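Common to both upcoming complexes is chain A, partnered first by chain B, then by chain C.
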Partner chain A sequence: MATALTGRGLAFIRATPNLFPSRFPWVAAPQQLSCLHTSALLEAPRWEQKNRKVYPPQLPGEPRRPAEIYHCKRQFKYSKDKLWYLATMVKGLSIDEAIAQLEFNDKKGAKFMKEVLLEAQDMAVKNHNVEYKSNLYVAESTSGKGKYLKRIRYHGRGMFGIMDKVYCHYFVKLVEGPPPAKTERTSFDAAKDYVDELKRRTIIHSL
Partner chain B sequence: MALHMRRTLLSLHRATSSSLKPPEPLDTRCPAPLLLTVRTKKRYFIPPRVSLKGRMDGNPEAKARAAGIVFRQEYVERPINIACTAGVFDPYIPPEGDARLSTLSKEGIKQRTEQIRQSAASQLAIRKIKEQDPEFSTKTFAEKAQEIFIEAHNALTNFNKERLHFLVTERCYPEITRGNRYKTVRWKFLESLEPPRVVHARCPDMVSKGNLYGQVTVRMHSKQTLAIYDRFGRLMMGDEDLPKDVLEYLIIERHLMNPYGSWRLHGKIVPSWAPAKDPVIKTVSIPGPELKPWEEFDAENYEVPKPAAVQWYK
Partner chain C sequence: MFTVASFVQSLRTSLQLIENRLLQAAGLERQLAPALAAHGPSVLPQLNNGQETEEEVEGPCQSPGLLDGILWMAAPKKRRTIEVNRTRRRSESKLIKLKTNIEPCPECGHLKQKHILCGFCYAKVCRETAKIRNQIKEVEGGPFRAPTVETVVLYEGETANSQDKDKRIIERPRKRPSWFNV
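Moving on, here comes the complex of A and B:
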């Protein structure tokens, strides 16, 4: 009965995840999906790679390019729909304001988001040559769907449903500079645009 | 089909304590409908049952060993080639005021005519180097060292990793390239103000006696321009059009025992009396003094601590 396993020995057991199935089956290599519209944010870690883009040196006459810092937190236990509300709340605010709002928000996602923002601010000052840590604002902030775990939810009469244990990602982009002024769109502007659209129409096959 | 489905489901939930009443036949309760809608679609995916029982207790290794599986002895070995020393042995201490005095004054001439023959250890080291490498000569070596220096820095600006590894030792490589990955460096060597000179030499041996490495220090006085741009193309430090006089002490090393070894830049010596570098074009916050809860920070009388003037070699 004693089988001699050649090769790496004990490391073999550790390496093959299927011998003793763990709780998290998705730790193995992600499947290659063949359809076109796979989630653009997760296929390759593109959001992290955006921090690697290097621009050529600016000429002396050009206006100073504002620094952009991309950061994300992957696969944490929260719902993407619930996180979306917080993400849109934070969009467009300056970083101090955003952190303050999230600190006093009761939702679970607010704690994760605050960590991400603080980390991104720290990264900006240390690695991306941002001068003042308060001189940043949140340009983009989105939530994404992570890989779900599926479990059984027991119903009556022997029926069952498949319950999703939801995980999500949070993406944020900080830009250097004061936050852009929010332009209030009045009803007069809307009316003006409507009238311009009417005037722009081309009528074909007419006299 | 539905009955089979139900049966499999019931077997699934046998462990749970849910009451399993047999399904009541519909006839006794209400009249049988004409159409009995049954769920006939097969569920392709039933998620696996997760039980915490057998997971955490006992490690799989002990279980495998108990089961009788024998593993071969694991050898975790890898040969490492050490091609350079870890630091600078017996660094050269440059005399105070080097390159500050003009060559026409008496002190200046004395400094300039300081020949390497003064130091006996250096002479010994050079003799050892000449044993291994017969083409070595202090007169031509300085020029070669300067060429290596210029080529290494040019490779650094283009970030040509392979070329850089040829010209710079493994110890020097991370120091030269740290933080430069996402930055653009523009460096130009304009001219050499004084001919480079060999000032110091040592021949340490690492690990085993006889494994000789030669370290030669070369003094260079030259004009260079340096400008560093950050990831977004903004100027971080320096100026492209402003040439600066730079006095440098370079350490060039070679693994003498290795017939294919080559002279490579190993480090630089920054003397303790070197003038401070130009500041970075941005405001940096320095950590303030540690205060107790009842103390207040006195901004007017606070003196920013200056680093001690120590010679350091990179």
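Moving on, here comes the complex of A and C:
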């Protein structure tokens, strides 16, 4: 058996991360992964597996860590660009408000999103020890590109184009607690930040 | 030398012909004399005959000439970058605005818009009216048999009023719903 796991075999096993899904509880990373490209969210770890993350027990003096619930809907027939508008509309709202807004929106994606939010709310109460189902807010909400089907679109003069039948994913993260207060970022703030960034620069290898 | 000059001449004549035809189509200029008469005798006799007899002079660069002509279609000069596209697609006007006219229905507690009937209550009423219509269908027993008098729906334990004497009575075997007033 040991001779089989050599060279190419090991590389193959390492290349496919989902071959042996780990059942061990994950240790929480102390520093947050900032500056991640959005596509990295979908490769590894997958959105569904983020729910299995287990934090070490909290110390007595620490403030209570709010519950996080990750949910998604994969590969449904809608455009990721059109879903993006709905996803950004819902970002930062409390779950009741989000569901209300989606109920009265005429877009096709609103129906899918409302299902996902209701399911996530249900999951939160049943599996993630959330006491009040209204005490949740949408922390993250994004759309992703699904696997497209390709079809031929016939034009005149024997020309053809390849048509994409679009599919998309929807990802949502609910966090327990009241929604955070929205700070209005004015143009003055943006200018101030830009100037501070310019002042923070250091020129390396200089005198 | 000779062939190059003739080639250039044929190009020039073809472009002029195209422009004249375009101007004619646009209706902006009146018909000019044929452009061939203006050019000198440096053209070979074969080409000259060909141009005089044939209406359609196919210059070698005719189709791109159409696009570069003065009065022809607008076309993008450069590819729009993804940054430019994003700022246009994500501008404030294109984002979906939140609705402020959502409130709970006082009757059933479901959400409704202020100027629109509650969907749940409307569905409830629809179901009851469908049952009343089925009852009417049974009473009439066929198409085109609606009476000329009014119809009154009576529920369990109700009798016809003095006002409802001349009206057709439809009985529904259930308690009167709270929202259906007399």
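One rule holds for everything that comes next: the second predicted complex is superposed on the first by the 141 of 207 C-alpha atoms of A that agree within 3 Å, B and C clash if a C-alpha of one lies under 4 Å from a C-alpha of the other, contacts with A are read in each partner's own complex, and residues count from 1 in each chain.
The criterion applied here is as follows: a residue touches a chain if its C-beta (ideal position, glycine included) is under 8 Å from a C-beta of that chain, and two chains touch if they have at least 3 such contacts.
Please read these numbers as outputs of a predicted model, since none were measured by experiment.
J.: Is A:Val195 contacted by the first partner chain B, the second partner chain C, both or neither?
T.: neither
J.: For chain A, which side has the bigger count of touched residues, chain B or chain C?
T.: With both complexes superposed on chain A, more residues of chain A are touched by B.
J.: Once chain A of both complexes is superposed, is A:Thr88 in touch with chain B (first), chain C (second), both, or neither?
T.: Only chain C is touched by A:Thr88; chain B is not.
J.: Should A:Asn105 be classified as contacting the first partner (chain B), the second (chain C), both, or neither?
T.: After superposing on A, A:Asn105 lies in contact with chain C but is clear of chain B.
J.: Is A:Phe160 touching the first partner chain B, the second partner chain C, both, or neither of them?
T.: So A:Phe160 only meets chain B here.
J.: Taking the contacts chain A makes with chain B in one complex and with chain C in the other, which residues are shared?
T.: Dual-contact residues (chain A): none.
J.: Spell out the residues on chain A that touch chain B in their complex, using ranges where they run on.
T.: Of all residues in chain A, those touching chain B are 1-11, 13, 19-21, 23, 52-58, 64-68, 127-129, 131-132, 150-152, 154, 157-160, 162-163.
J.: Which bits of chain B are touching chain A when the two form their complex?
T.: Listed in rising order, the residues are 6, 9-10, 12-13, 16, 18, 20, 23, 45-50, 55, 60-61, 64, 67-74, 182-184, 186, 227, 229-236, 282-283.
J.: Under the stated contact criterion, what part of chain A meets chain C in this complex?
T.: 81, 85-86, 88-89, 100-101, 103-105
J.: Show which residues of chain C lie in contact with chain A when the two form their complex.
T.: Listed in rising order, the residues of chain C that touch chain A are 89, 94-96, 98-99, 102, 111, 113.
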